[in-house]
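Down below are the structures I want you to see.
Next come two complexes, and both contain chain A; in the first it sits with chain B, in the second with chain C.
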Partner chain A sequence: MIELTVYGIVFGSIISLGAIGLTLVFGIIRFANFAHGDLMSSGAYVALFMVTSALAWIGIPDTNFGMLSFGWRMLIAFPVAMFAVAAIAIALDRILYRKLRAKKSHAVIMAMSSLGAAFILRMLILIFWGADSLFYRPGMLRPAIEFPLNIKIRPDQILILIVVFSLVVLLHLYLQKTKMGKAMRATADNMELALVSGIDTERVIMMTWGLGGGLAAAGGILYGIDVQLHPYMGWNFLIPLFAATILGTVGNIYGALVGGLVIGIAQQVSTAFLMPTYKPAVAFILMILILLFRPKGIFGGKE
Partner chain B sequence: MEIGGIIAYLVSLAIMAGIYAVFALGLNIQWGYTGLFNIGIAGFFCIGAYTSAMVTTPMPTGIYAQYVHQLFGLDFPFVFGLLGAALVCGIVALLIGIPTLRLGEDYLAIATLGIAETFRLIFNNETWLANGPRGLMGLPQPLHNLVQPQNYNYIYLIIVLLIVVIIYLLIERAIRSPWGRVLRAIREDEVSASMSGKDIFNFKMQSLIFGAMVMGIGGALYAHYTKAISPSVFTPLYGTFIIWVMLMAGGSGNNKGAILGAYVIWGIWIGTTFLTDFLPYTLKARAPYIRFLIIGVLLEFILLYRPQGLLGEEKKVSKLIE
Partner chain C sequence: MTILTAENITAGYTTEVNILTDVNIRLESGQIVSVIGPNGAGKSTLLKSIFGILKPVKGKIRLKNEDITGLKPNNVAQKGISYVPQVDNVFPSLTIQENLEMGAFIRDDDFSRRLNEIYELFPVLGERKKQKAGHLSGGQRQMVAMGRALMVDPTVLLLDEPSAGLAPNLVEMIFEKIISINKTGVSMIIVEQNAREALKMADYGYVLAMGRNVLDDTGDSLLANEEVGRLYLGG
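And now, the complex of A and B:
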């Protein structure tokens, strides 16, 4: 049980990375981005392309770091994929959502457009990589370290927690200390007021997509390292992402962090009683309960 | 292909498009007239199909009972299958509506998405319910003993078209009533509809349930057409996404548009199979993804450049206004 909780924290921290981006988009651009899960898969597959093709071609050695299941190639691929997905997210905004905003389309139309974008991204992944599960390192044994209380954790999982923690700290500093971060928070608070105070909201929106896309890519890659890559991985993340976002109150990034951990732990611990295939359903049931009893989430105050 | 083969092909195409027209009509009630964002059509598709299957088949006996498990088997006629599917889908819609209809539109979308995925998981994993991933087979077809089996599709086409017409007339009648006008008022401006003393939650709920019942009938029609169903059919792509594209292409808020959209998009979808025949051999296996990519890009084009669809909404629904 303790072991499942620990796995839940690892899985939950990955959900959190996605949920933080989703909640930023939800709070600032104000629509439900159904493509967010598929941005996560895109990140994982861009990194796969880098690790297995591009960096191999340049001649970066394929050795591991100590007990970890990856080496220099992944270290380079990770930030590159984050930037690439940030660029994809910004490009989607330029091609689709900005035009819809200019036409004063309803938020639901934007959400529908993002649903279309989600399918397009997934189909591209399926066309290039096929429908099978893939690994960054196929056929490698990944031994676990045994900790007290009979908890077995793989070194990769410890690293995942460190990476997520550092990314969240960096994001926190960015939002609190930089001018752009403050502008983002102001826009999330009140778009009109931000606009009249001279904040360039289009730049804020671009930055939001960049951050959201980058974090989603990080989440996708870490999931790929921890488990595997699959074209539908992002789609399966969608319900947990929304559950975490709603639980942590829409627009609240610290809420999304907590929400992600809660949903992740709940999903993993549920495997002690239910078939593991029911994990998305567990997130869904939790989300319905939140909507019934506290629709504004834990940080949203009473209705 | 000889002429008979072409006709048989066109008939099967018209049946599937007709079944999709039923879904598009159901979605039109929810989205086109009320503005409810349901992206879990596949869930109602699935529940409708399974309900009708279990209502119309007998409980497996003898040796079959060891291989086929299902919760119940009533062996009732086809019409009861349709009604049962509508009833169960209505109840499910009620249960989804309770937590979500008081909140923003996005919440309904997320919840319907979740219910569709959850039902697929349940039907896949719970073998006692409806035979798990193997699904149910040998579903009865109405009036099948009237003609030779190879000509049966003509009869089924008539049945499907008849049901499309009945549902079309029913929705047209409802939407032209005071009830329908309230739905459109809610879609346009919830606050002012509420200030006119309309119970928003109740009207939205009725619209959600009405639309879901129509979708349930669509699911039942599908089940008896293919005679075999399994959870792998009811994916977000075939069960939800393509229906949205159909309604948006035909024109949401227009029942004729919903039917037209179903036929046009299904025609394009089938037409792209001929296109992918030209692909190099290595890409053949991935042809369905390329075809769905085309449908996805088509949706984005519609949303950006022709949001009203082919027909657009009929602004005037009363014959009395000039």
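And now, the complex of A and C:
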């Protein structure tokens, strides 16, 4: 049980990275981005391309760091993939969402177009990598360390938690301390007043997509390291992503973090009672319950 | 010297219906111009047209001698005009200080001196700078909104109904602040429901009705005008 909770925290922290991006984008442009899960897969696959092709080709050695399942190649691929997916997210905004925004399109139209974007990303992955599950390091044994209370955790998982925690702290500092971060919060509060104050809101929107895309990529790669890569991974993330976002009150990044952890733990712990194939249903049922009983989420309702 | 003019402004929110028709307004340097008139006269629409939130169908906005018609609000702000909307004029989840910093977004220099000047003008804001603006009372919100607009050291300040929804004693306080801001050299256009008070402090006043100019004169003359008194000042 404790072990399942720990696995839930690991999975939940990955979901949190996606949910934070989703909630950031929603906070500013107010539409449900159904392509967010596939931005996560895109990150995982860009990193795969780097690790197995690009970096191998330049001759970066394929060694591991200590007990971890990856080495220099992943260390380089990780930030590169974050930037690449940030660029993809910004490009999607430029060629798709910005035009719809300019026409003052309804949020449903925006959401539908993001569904289209999701299909495109997923099909591109299918075309280049096929439909099978892949690993960053196929065939490698991944031993777990044994902790007291009979908890077995892989070193990779500990590192995942450290990475997620660091990214969240960095994001917090960015939003609280930098001029752009404050402008992002201001724009989420009141876009018209932001414009009136001289804030270049189009630039803020661009930065928001970049941040959301980068965090999504990080989440996707970490999932790939923890479990495996699959073209439909992002699609399967969508329900937990939205459940986490709604639970944590849409627009609230700290809420998304908590929401992700709760959903992750609930999904993993449920496997003690249910068949693991029902895991996605747990997030779905939780989402329905939240929408029925607390539609504004745990941090909503004050204003 | 004339600092801002709106010439023959025709504007509306849809292409079919114009709220304003051929409205003219002139602001002289250092003056307070008050725009009064009944509800729906187009007073707020006029400010939005000047600030670029609304693109006029016809007419010209000039700042000094520069044509600024059709510029986006963030560009108008860069030209030295600030605007305080009537509602939703603070960032509720940001602290008072952050609200003021956002007012200075277009400034790349060190604005800490200006920040202190704002805190001197509104001491209560300085005492609560870490508080979220969403938790403030109406009068304090209005101060945050005006403080935010003043952060860029504007040459022209546009105020949309600064006294709306405030208790009478606060109305007086806000008008006193407006006069002291004006004394620092900021020219202003004020749109007000509270017509009598607005004309009292105005150097010049305009009466709008049904989206057109009806009358304009010095503030004192409009106050003394019988027709204005009967129609717009409540007897």
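Throughout what follows, the second predicted complex is superposed on the first by the 301 of 303 C-alpha atoms of A that agree within 3 Å, B and C clash if a C-alpha of one lies under 4 Å from a C-alpha of the other, contacts with A are read in each partner's own complex, and residues count from 1 in each chain.
The criterion applied here is as follows: a contact is a pair of C-beta atoms (placed from the backbone, for glycine too) under 8 Å apart; a residue touches a chain by one contact, two chains touch by 3 or more.
Being a predicted model, the structure only gives us computed values, none of them experimental.
When both complexes are overlaid on chain A, the residue A:275 reaches chain B alone and has no touch with chain C.
By the touch criterion defined above, A:190 reaches chain C but does not reach chain B. Of the two partner chains placed by the overlay, neither chain B nor chain C lies in contact with A:161.
Look at A:198: by the touch rule set out above, it reaches chain C but stays clear of chain B. Look at A:284: by the touch rule set out above, it reaches chain B but stays clear of chain C.
When the two complexes are superposed, the chain touching more residues of chain A, out of chain B and chain C, is B.
Once chain A of one complex is fitted onto chain A of the other, the partner contacts of A:182 are limited to chain C, with no touch recorded for chain B. By the touch criterion stated above, A:151 is placed in contact with neither chain B nor chain C. Shared contact residues of chain A with chain B and chain C: none.
Put simply, chain B touches chain A in their complex at residues 35, 37, 39, 98-100, 102-103, 105-107, 109-111, 113-115, 117-118, 121-122, 124-125, 236-237, 241, 244, 248, 283, 285-286, 289-290, 292-293, 295-297, 299-300, 303-304, 307. Contact residues on chain A toward chain C in their complex (touch as defined above): 179, 182-183, 185-186, 188-190, 192-201, 303. Interface residues of chain A, counted against chain B in their complex, comprise 31-32, 34, 95-96, 99-100, 103, 105, 107-109, 111-113, 115-117, 119-120, 123-124, 126-127, 130, 235, 238-239, 242, 246, 275, 277-278, 280-281, 283-285, 287-288, 291-292, 295.
On the side of chain C, the complex with chain A involves touching residues 51, 53, 72-74, 77-78, 83, 85, 88-94, 98-99, 101-103, 105-106, 134, 148, 152.
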